[in-house]
Amino acid sequence: MDARTRAHYVERALWPIGKGDRNFWIAVVILSATVAAGIAAWIYQLQNGLWVTGLNQKVSWGFYIINCVFFIGISYGGAITSAILRLTNAKWRAPLTRLAEATAVAALLVGAVYPIIDLGRPDRFLNVIRYAQVGSPIVWDLVAIGTYTVASFIFLYLPLIPDLAVAREALGGRRRVLSPLYRILALGWRGTPPQHRALARGIGIMAVLIIPLAVSVHSVLAWLFAVTVRAEWHSTIFAPLFVLGAMFSGVAAVILVIAALRRVYGLEAFITAKHFRYLSYLLVALGLAYVYFMVSEYLTEGYVFAENTTPVLESLFTGAYAPAFWTFSIGGLVLPIALAAMPGRFPIARASIASLLVVAGMWLKRFLIVVPGMANPIVPWDWGRYQPTWVEIAITAGSAAAIPLMLIVFFRFFPVMSIHEMDEVEGTHEVAVTRRAPAFAGGED
Amino acid sequence: MRRPGIALIATLALTLTFGNVALADHVKAICEVTATASAKLEKGYVLNVRLRTADGKPVNEATVRFYEKVELFGDREMYIGSATTDGQGDTSFTYLPARLGTHEIVARSARKDHFIGSEGRTTFEATVAARAYRPEPAPLAAFSAAVPFGVGALVLAVWALLAFAILGTARGILRSGRDLAPQKEEGVS
Amino acid sequence: MTPGPTDRSRRRLLQVFTAGAAGLAAAPLIPIAFPEADAHTHAATAKRQRQWAMVIDLRRCDGCKKCTEACQAEHELPKSFEWIKVFEVKDKSGGEYFMPRPCFQCEAAPCLRVCPTGATFRDDEGVVLVDQVNRCIGCRMCMAACPYGARTFNYADPPKASNPFANPTPEHPVPQIKGTVGKCMFCVHRTDDGKLPACLEACGMQAIWLGDLVEDVATNGTETVRLSTFLKENDAFRYKEELGTSPRVWYIAGHGQHLDT
């Protein structure tokens, strides 16, 4: 294949490594400050106890559980964009997969911390393992999230192996510190046919496995709610609804990440309007499916007006939570689906705005699942109230900032595009076996 | 539970206590209680009451309340039911106790007209009792107990697959890299 | 088989999934399931096997909340902790009545089932207790699962304990421990000592009855009745029984009317 093209994408993929320009440091400082503020708020909460939050006896789950569901949902973008597109052999995925997989791991790490933040006694967290009760959805969560996290790391790492070999050879002389790291992590990759076969098998297993694992995580998160007898949670459609919502928000998050980072890392030549259009289609399909599931849920519950579900439906459609609900329904579903589905100009801008709306909307939807479900009176008392405090807001903001921070730091050390997969879709992997450092690397030494 | 034989229809251990001393203008009623096993044993024990004055006249239309001595945060008398005497001053109450063993019964007649109240006691040994309390069984208990094993096996299989995906791949890459390394060096140089 | 003295350490072994509930209850109940085998030793046993239950007579409750106050005093709880909470219920026909709600000690307790660490367990007298001392991690899954809102979370430190050397245990959780969940525990520390629960003793209307399902007897402190007969004759019901929780607390419907029984 065209060597110049390969040189181009290898150069682009490796370009951010070790680059500490001013913008990078400004971003790191701002994001780190936000994360630090979140951590400070958490420390404050650890010292004082959960009374510093807006949680109370009636609404005992709030921002933290919402965020846990939300961020783990975001991490689904990796599973979808990478695994499903890989299994369906969609070649256009190649420049996106690394970004999607890294986003998946970053969001997952953030989401997985939230159950611990939510604990009244985080110091006793290991009790969940020591005294694990197999009947408890919390234990299921631990198993599912733990497995999915390990799988996500493997899924990020395996396609990285050949890239690390490229980076090792391209940057070996230039980066004294990174060179040994690359050498170890690259596992002596030389691109021989048996190595390709081994890698293809590993990635194949992971691409198949990551999908049921991702499904299991959000199903279990949904069961956290659905196995209770609270009428508005106790719903058979909850698990698929959660899984679909996660995919929906995950694809939106991937669109946001690539929209932002393609400019930062100068990937415009590889991640083009075409990618945004395709991802928009995916977003639209998932969005419509989500609408369908939601309608199905509310119709079955609302048609009979059971005594225990009616108050929640009333509060959502016309009552206290109606503004939030309709904001979500219009702004988080109808509008972004319309924006993304429209043919025509500005596909990138439209996809980005739609994704922003979807991500925000899906957060709101999780709020509308958790809080009214909690606040709805299960015994003859008044509706619960929930007003988050600055602690919860600071922790939420800090955790949201942690994702881009982790991403830019990660891409400072690891290739931002999957060279291996680009090779694959461009058909250049035969050349890669004997190829030494690309021309540009030698020149910079 | 064995079906009762005729022999079981027998008077059980019996004690008699006479009522209080009559007040001047009132006639003392004597409450005599006996307990016998019911003809159908599973129905329990018949507490027979004979309410008479000292000279043997029946006291009719009198309410008799039955209590059993129990121990629950101290000694208490558990109300078990009541009955009204007939023209002969007789009445009965069928009682199926909750547990086996010795039961001490108190029967009390209320004050009625010019008869003052009185009480009688009896004890009996119960060889049959109401169906004992048992917690409501968990539905699908056997199935529920098996589920964790199935899911556990599935989780283990997933972890095995994960281990294979990472370790198997790493091994494949490392081995192939080692095997080819010398050849490559020669070939290139 | 001779039922031994109360042994609360045994139960932890038995808390495995829903089957645990059946197995758990079966162990101390062997003497009941096989009455013949037990007949000779039963009377001689010093401590009876109890299975506690409660009956609340709504005909008598006047909503004075003395039970709540007594409970808070007994367990040294803050005022916002109403382990026995008196609801003012308006029914569909416009009537009003008061409904005290303790923990229902459900036999198929949803809180027990969802607890990840076994901090929530059932003792051998059927009371659902919480191990705040070692186990509870404060995930509040049980609060989400309880359909009766019977659990409270210690967001802040409890009031200073009256006894500075107080050593909380699941059977006597005083003082409460911050970051863990607490609930009504039928005053097992009192019943173990042969005393009636604090709420029952405080109830001037004698609307609260504590009963033993094994011996089929219940008392409100002055009157003593046969539990099963009492429930049957008064059409007792269990709150939201349709949820399959099998509560150990029965209500006798009414609206605080005066009764001369």
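Should a chain be cited, it is by its letter among A, B and C, assigned in written order, with residues numbered from 1 in that chain.
To be clear about the criterion, a contact is a pair of C-beta atoms (placed from the backbone, for glycine too) under 8 Å apart; a residue touches a chain by one contact, two chains touch by 3 or more.
Keep in mind that this is a model prediction, so the values were computed, not measured.
**Q** Using the mean of all protein Cα atoms as the middle point, what chain has its own Cα mean nearest that point?
**A** Per-chain C-alpha centroids compared to the overall one single out C.
**Q** If you tally the C-beta contacts, which comes out ahead, B-C or A-B?
**A** Result of the comparison of B-C and A-B: B-C.
**Q** Based only on mean CA positions, could you tell me how far subunit A sits from subunit C in angstrom?
**A** Those two chain centres are 44 Å apart.
**Q** Rounded to a whole Å, what is the gap between the Cα centroids of subunit B and subunit C?
**A** About 18 Å, centre to centre.
**Q** Rounded to the nearest whole Å, what is the centre-to-centre distance of subunit A and subunit B, using the mean of the C-alpha atoms as each centre?
**A** 56
**Q** Among the residues of subunit B, which are close enough to touch at least two other chains?
**A** Counting only residues that touch two or more other chains, subunit B contributes 144, 148.
**Q** Hey, what residues on subunit C touch two or more of the other chains?
**A** Those would be 16-18.
**Q** Check each residue of subunit A and list the ones that touch at least two other chains.
**A** In subunit A, the residues touching two or more other chains are 134-135.
**Q** Using the touch definition from the top, list the residues of subunit A that touch subunit C in their complex.
**A** Within the complex, subunit A touches subunit C at residues 49-51, 53, 55-58, 60-61, 115, 118-122, 124-125, 127-128, 130-139, 142, 224-225, 227-230, 374, 378-381.
**Q** Along subunit C, where are the residues that touch subunit A in the complex?
**A** Interface residues on the subunit C side: 15-18, 20, 80, 87-90, 99, 101, 110, 113-119, 134-141, 143-145, 147-149, 152-157, 178-181, 243, 245.
**Q** Give the list of subunit B residues in touch with subunit A in this complex.
**A** Residues in contact with subunit A: 144, 148, 151-152, 155, 158-159, 161-162, 164-166, 168-178, 180-181, 184, 188.
**Q** Quick check: in the complex, which residue numbers of subunit C touch subunit B?
**A** My answer: residues 16-19, 21-22, 25-26, 29, 32-33, 35-36, 38-39, 42-43, 48, 51, 107-108, 126, 191, 194-196, 210, 212-217, 219, 223-226, 228-229, 244, 246.
**Q** Could you please specify the touching residues of subunit B with respect to subunit C in the complex?
**A** Touch list, subunit B to subunit C: 68, 70-74, 76-81, 98-102, 127, 129-130, 132-142, 144-145, 147-148.
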